[in-house]
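The two complexes that follow have subunit A in common; it is paired with subunit B in the first and with subunit C in the second.
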Partner chain A sequence: MSAETQHPFTTVIGLEVHVQLQTKTKLFCGCITTFGSPPNTQVCPTCLGLPGSLPVMNRRAFDLSLRAALALNCKIALFTKWDRKNYFYPDLPKGYQISQFDLPFSYEGHLEVCDPKGAFEPRTVRITRVHLEEDAGKSMHDETAGTADSRIDLNRTGTPLCEIVTEPDLRSAEEARAWLNELKLLLVYLGVSDCNMQEGSLRVDANVNLHIPQEDGRLAKTPIVEIKNMNSFRSVERALVYETERQWGEWQATKAEIGSMPKQTRGWDDSAGVTRGQRHKEESSDYRYFPEPDLVPVTVTEEQVTTIRSSMGEPPAVLRKTLADRWKIPANDAGVLVNQGPELVRYFEDLATRVGEGKVASNWMQQDVLRTLNERGGNITDFPVRPEAVADIIARVQKGDFDTSRGREIFASVVEKGASVAEVVAGMGIAAVDDSDLRALCEELIAENPKIVADVKGGKEQAAGGLIGQAKRKNPNVNPGKVRALAIELIRALP
Partner chain B sequence: MPTHDDTEPKLTREDVIKVAMLARLALSENEVTSLTQELTKIVGFVSQLSEIDTSDVEPLAHPLDSQNVFREDEPATSLKTADALRSAPRHDGECFLVPAVLGESSSA
Partner chain C sequence: MTLTNRSAAELASALQKGETSAVECATAFLDRIEATNSTVNAFLTVDRDGALATAEAVDASRASGKPLGPLAGLPVAVKDVLCTTDQPTTCASKMLKGYQPPYDADVVQRLRAAGTVILGKTNMDEFAMGGSNENSAYGLVRNPWDLERAPGGSSGGSAAAVAADMAPLAIGSDTGGSIRQPAGLCGITGLKPTYGRVSRRGLVAFSSSLDQIGPMARSAKECAMLLQAIAGHDPGDSTSLNIPVPDYSADLEKPLQGLRIGRVAAHFSEGLDPEVAEHVETTFATYEAAGATIHDVELPHATYGVPTYYLIAPSEASSNLARYDGAHYGHRWDGTPSDEKGITDFDSPLVEMYCRSRAEGFGPEVKRRIMLGTYSLSSGYYDAYYAKALRVRRLIRQDFNKAFENVDVIGGPVSATPAFKLGEKTDDPVAMYLVDLYTVGTNLAGIGGISFPCGFTKGSLPVGFQLQGPALSEPLLLQATHQYQQATDWHLKRTAALSS
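Let's look at the complex of A and B:
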């Protein structure tokens, strides 16, 4: 990551991001776009490319992509059309992809990314264009089965995709990852896409090369490489770090500069941690784009743009500030909350409204809700303790029924038991378990859970959370905070 | 205005071979020769259009004088899998079968 400080060059990175739009149906037909359905159950003559079928544009897909473009500060073309991108591949039944070539509906935007810890300077990344196109299907080849066939599932064919292309404005792998996080957050907040990388709703290709100043003052540029097959933002970061080093080594060996060879595509192999050469990238003219005769152009009015803009809500960058102002919480608190996504912000604002004090609510969010959520995994919308229950606990603390640390124990207990606050408080005999009983219980748990013990010893203190449920089953009156603290203490004392 | 000879496009054998490759067509040597001649004539014929001065003409995006045709985002019934696969040369009841595709999907 600190390649730039080790080596005398600038890393130059541009990204191409595809996101699946959150529509119910495909771009040109009424087939639904549910992920993970049995193969070829969401197909029709249009998305199968059968003769005589005609595409009709999904209005919501167009509106969502317009919303994305506006959020990315793009200029909106008031006249846009679609084009055929011709290539042959079994997952593309028509033999062409309907995309946008020379008149995309938006262009020249930008999105800024900052690092809260100041690892890099705030970076404004220019957006070259955002356009709307259709996805291809999926081809599967089971090499272990030893068959000569690939299997084709066309459920994904025709799913609406927003393609976002940046200028080569990023300067490190770390920046690229942070920028992608910001982009994802923005698109999730706007309801444009769920950006779920595991399900392929967000896909990233990266273009990277090095600019190396020469002694004569000239700037040497290494050949641009496009990296594909990166399945997480972490993979993107790792692939870029790897590729930067690889190109530096290549430069020192060959002094090959941009233009000396065709643009290269390399695939990221996540388990091996390397990029590998793929086919040479076809020139764009090889796709023989021509205007799509089956779709008429689309015009957009200034009024439409204004309407969409006014319905968009606050993008994360603005929300960080307004949330901090609205609830009088530190900027860092607001950043943490906003970065967790819109549902968590809704949870927080619900809680803060009930509590009436933003800072108190934020403390409970950061210390209890978020930590428990991270330990348990899952989504805030499925979190068993709702804002009213947290507000109830806080109200009892504020009333003086018990102190904050006892309140937090009650919170943990509500999480564990799935009971109401009143039930937990009523049934609480937490103090009744004396210290020697507690110690015996913890020693028992430690003996029974070598994996957790090893994790805790290895520095993963949150693993101790796994003991609490078991402790509760052994003795429902036990104080979870004490179990955790004592267990960790005992584990640390182990040889 | 340019003369016809100036705009006569030259189509080479290499052009034909490249286009055939992109179209996944296997051409014999003789076919390449005859297609080079025929395509040169066709392109030459069409290129007569370039004699017209179009500097004041708006590019035409679509021959129909129609715009903004949309459908609402409402699900419609899809085909049954068996019907979707019916006209494929080969399938396994679930997926279309094609000769081995190695490497990743084309993925737009």
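Let's look at the complex of A and C:
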């Protein structure tokens, strides 16, 4: 149980998520959107906002955002338009952002989140709206005192952004983090965004306040605070926990309720672990929205919706179930695999197909592949051991060349050395022990261990286990099962 | 007869027959500009070297027998609101002093492809805001018919250039009458095409939903030639119409038998100069004599045209001009403390840079319109002003649609008066806004309109007549004007004010 739920109030959280769409080119011009290029190298008159330049909508970006909205169970507006959001800032070269104001292309959706560990009840979070807009550029401020020198990189200007706004349906910081994970997973599965928070392709703002039941039956509500500048899901969770406690303290001190002050914006300071109030002037803006006259309204047909819907594939929530059914693996296994993203699921299915047994493949995924991946960091697509190699190791174990623990050593060695399974096996001197060698070894052991032989002959077959360790010391390549079986057979055959 | 006295159509024919060369032609006009521009101030930039180089290339192509378009070698003046890579584009504003665009406007690309010789960039009201060409940061333009009078605006430089024989053809832009009104006051022909017919890419935006580029020349025949070169679909302008371009010269010679011309009684109410009224009535009579019929039509919401226009255009302008903030290009405050009275309490050094750059870079009329537009879009005022203006705009469009059920075109005055004295209206913005009375409806409705000379006052000032037609009626507007010009010679009159 998280700390805040012990307090006599309900935490009410709504989220605003900005996601960069995975398009090759920008929303209103042909510039590419690759991250990390030298500043101001991916720009043209349109995204620089030069005099006389005009926007032309990238239909691919629109279709991609439709895909996100459909996966979020939104209603799709068959007629939608663009609006200008006017404000001055150096990273906004036109002096306005092309966005959607009163007629977003989609609205009224929902996305459910469950906690497999049962920390909270399954929660359906309503989506108020999803709309499309262009991103601004990046300002880099020189912090040297007094110089006030700022540099602007407009490579990001005009990158398509999907804004997803939820209703205030989340009830804890933990839930918010879990829901964000589910949203991210969904968008990654759909190919809508890479959701890389470090590169800024996913940004989250949170609105939070407390509902506090009063003795007279009334529900007191604290003023809503918008939290900004959270750069990981972990900071979202920490910021919300902090803000909940802060508001509770504030309530006890002031009894200030919603409506007693304008909505406050607070920035999250990750290193200090606190939220800080932002200057009032930054909060109140009149964006003077009006319809963008340089663009024509967008129409969407039922056919287009159907086409996009049919090409979407399975969302994570559905995939968890189908994966468990298809490979006969426990729901928890399927959940772990799906939560790692589509590439890992592809890896698993490749492995399972080769192995022919879902459960065996899943065990190797959970115990070896995932563990190693987590230790090493990085992406499954760059993981040095490909499914065919894992399948090779499993096949050798199943054939009896060596046991599972030996197989795991080989796996670790393949990861470490970047060599093939065959090379590692040869390098470790592992060669299949042929039957005559195995018989000679067992006969030697029988001769050396009269006590064990007597025990086995007396019916205590488990005593044969004592021979296995010795056998492995004599020849590390022997298969313990085979040693055991042959030794028992030979002892029984003794006069 | 010198080359500069000849019309574009005559020059085109002489060029094709080899009676003159593009270089000879360009030289004649460049010399004329050199002789008269200090008086008229129609040009902000003259590109003698570039023009002659283009002309030489055209002559070489012609000599080698390459097929050339009808406009090849013809000089043209381009309003300084269209982006050109080889000449600055200032919009007659201090804000864009020396600004050099990295790309050509679609229309400029088409002009170059047609082999026209761009002589230079013409003066205008700053950012196309004005009706007298007195709002230029680089000095006012004088009307070639009377140098003490305004040429109209905002395409005053282009109109004066054609009227003063400094260019046979010119490109203007029309947001509320900015081609037609100066054409009328300068005694030339100017067409505002249907919204979307000519690409706006590279046209520095004033009011995006109203702006349209169009041709200006002595006659409808030449406007047709120029429109042919600049009209067409541009995938780079989302509002550009993807509809085939007709042959604008094909119907010019067809007689007007059966043409139904609408006449709006309200056009002849108080405020219309009696001499202008007389010439306009005579023009209706000329049309009737040529086989047209005149019908009364009503445009009930026309009286709201000017207020509607002065909400929509400044609203869009306030947003379109936000990019001139001193941060990326254009004028930037150099940091010198200002003695100017006004706000001194700035939020941050950045905000001070914005405010001072814009205060210095924009002229008073541009500032006035940015203020008007910002106000009308502000929360709390949006519904009462901008949103209401959009509703009235729909009504105005409906008025025209209804009228065009019964008539083919609507005729009437372009301006209530002939060219007014310089300085006469500069202290009275509302009086200045009323010069757009007869023209703004065309832009609000997104339809076509043409203006051409229909007589002269006793004081020898040209009087203009306007025809408005439904969307894409350019062939009809050009035909109706050409037929009038076959029957009259007003468009052939030349000014004596500049004879050397």
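Criterion: the second predicted complex is superposed on the first by the 415 of 495 C-alpha atoms of A that agree within 3 Å, B and C clash if a C-alpha of one lies under 4 Å from a C-alpha of the other, contacts with A are read in each partner's own complex, and residues count from 1 in each chain.
Convention: contacts are C-beta pairs under 8 Å (C-beta built on N, C-alpha and C of every residue); 3 or more make two chains touch, one makes a residue touch a chain.
Bear in mind the structure is a predicted one, so any value in this text is a computation, not a measurement.
Enquirer: Quick check on the superposed pair: does A:N58 touch subunit B, subunit C, both, or neither? Answer first, second, both or neither.
Expert: The first partner, subunit B, only.
Enquirer: Check the residue A:G267 against both partner chains and state whether it touches subunit B (first), subunit C (second), both, or neither.
Expert: first
Enquirer: Which partner, subunit B or subunit C, touches the larger number of subunit A residues?
Expert: B
Enquirer: May I ask you to decide whether A:G49 touches subunit B, subunit C, both, or neither, giving the answer as first, second, both or neither?
Expert: second
Enquirer: Does subunit B (first) or subunit C (second) touch A:A487, or do both, or does neither?
Expert: neither
Enquirer: Scan A:A173 for contacts with subunit B and subunit C and give back first, second, both or neither.
Expert: Touch status of A:A173: no partner.
Enquirer: What is the contact status of A:P293 with respect to subunit B (first) and subunit C (second): first, second, both, or neither?
Expert: both
Enquirer: Between subunit B (first) and subunit C (second), which, if any, makes contact with A:I394: first, second, both or neither?
Expert: Neither partner.
Enquirer: One more residue to check, A:I446. First (subunit B), second (subunit C), both or neither?
Expert: neither
Enquirer: A:F88 in the overlay: touching subunit B, subunit C, both, or neither? Say first, second, both or neither.
Expert: both
Enquirer: Starting from the residues of subunit A touching subunit B, keep only those that also touch subunit C in the other complex, and list them.
Expert: After superposing on chain A, subunit A residues 45, 48, 50, 56-57, 86, 88, 90, 148, 150, 152, 286, 288, 293, 295-296 contact both subunit B and subunit C.
Enquirer: Please give the residue numbers of subunit C that touch subunit A in the complex, ascending.
Expert: The contact residues of subunit C facing subunit A are 82-83, 89, 91, 96, 99, 101-103, 105, 200-205, 207-209, 235-239, 315-316, 318-319, 321-323, 325, 327-329, 347, 349-351, 354, 374, 377-379, 382, 386.
Enquirer: Using the touch rule from the top, collect the residues of subunit A that touch subunit B in their complex.
Expert: The touching residues are 18, 23-25, 29-32, 38-45, 48, 50, 56-62, 79, 81, 86-92, 97, 99, 103, 133-141, 148-154, 161, 163, 203, 228-229, 267, 278, 286, 288, 291, 293, 295-299.
Enquirer: Write out the stretch or stretches of subunit B touching subunit A in their complex.
Expert: Per the touch definition, subunit B meets subunit A at residues 22-24, 61-64, 66-79, 81, 84-85, 87, 90, 92, 94-108.
Enquirer: Which of the residues in subunit A end up touching subunit C in this complex?
Expert: Residues of subunit A touching subunit C: 45, 48-57, 84, 86, 88, 90, 93-96, 148, 150, 152, 281, 286, 288-290, 293-296.
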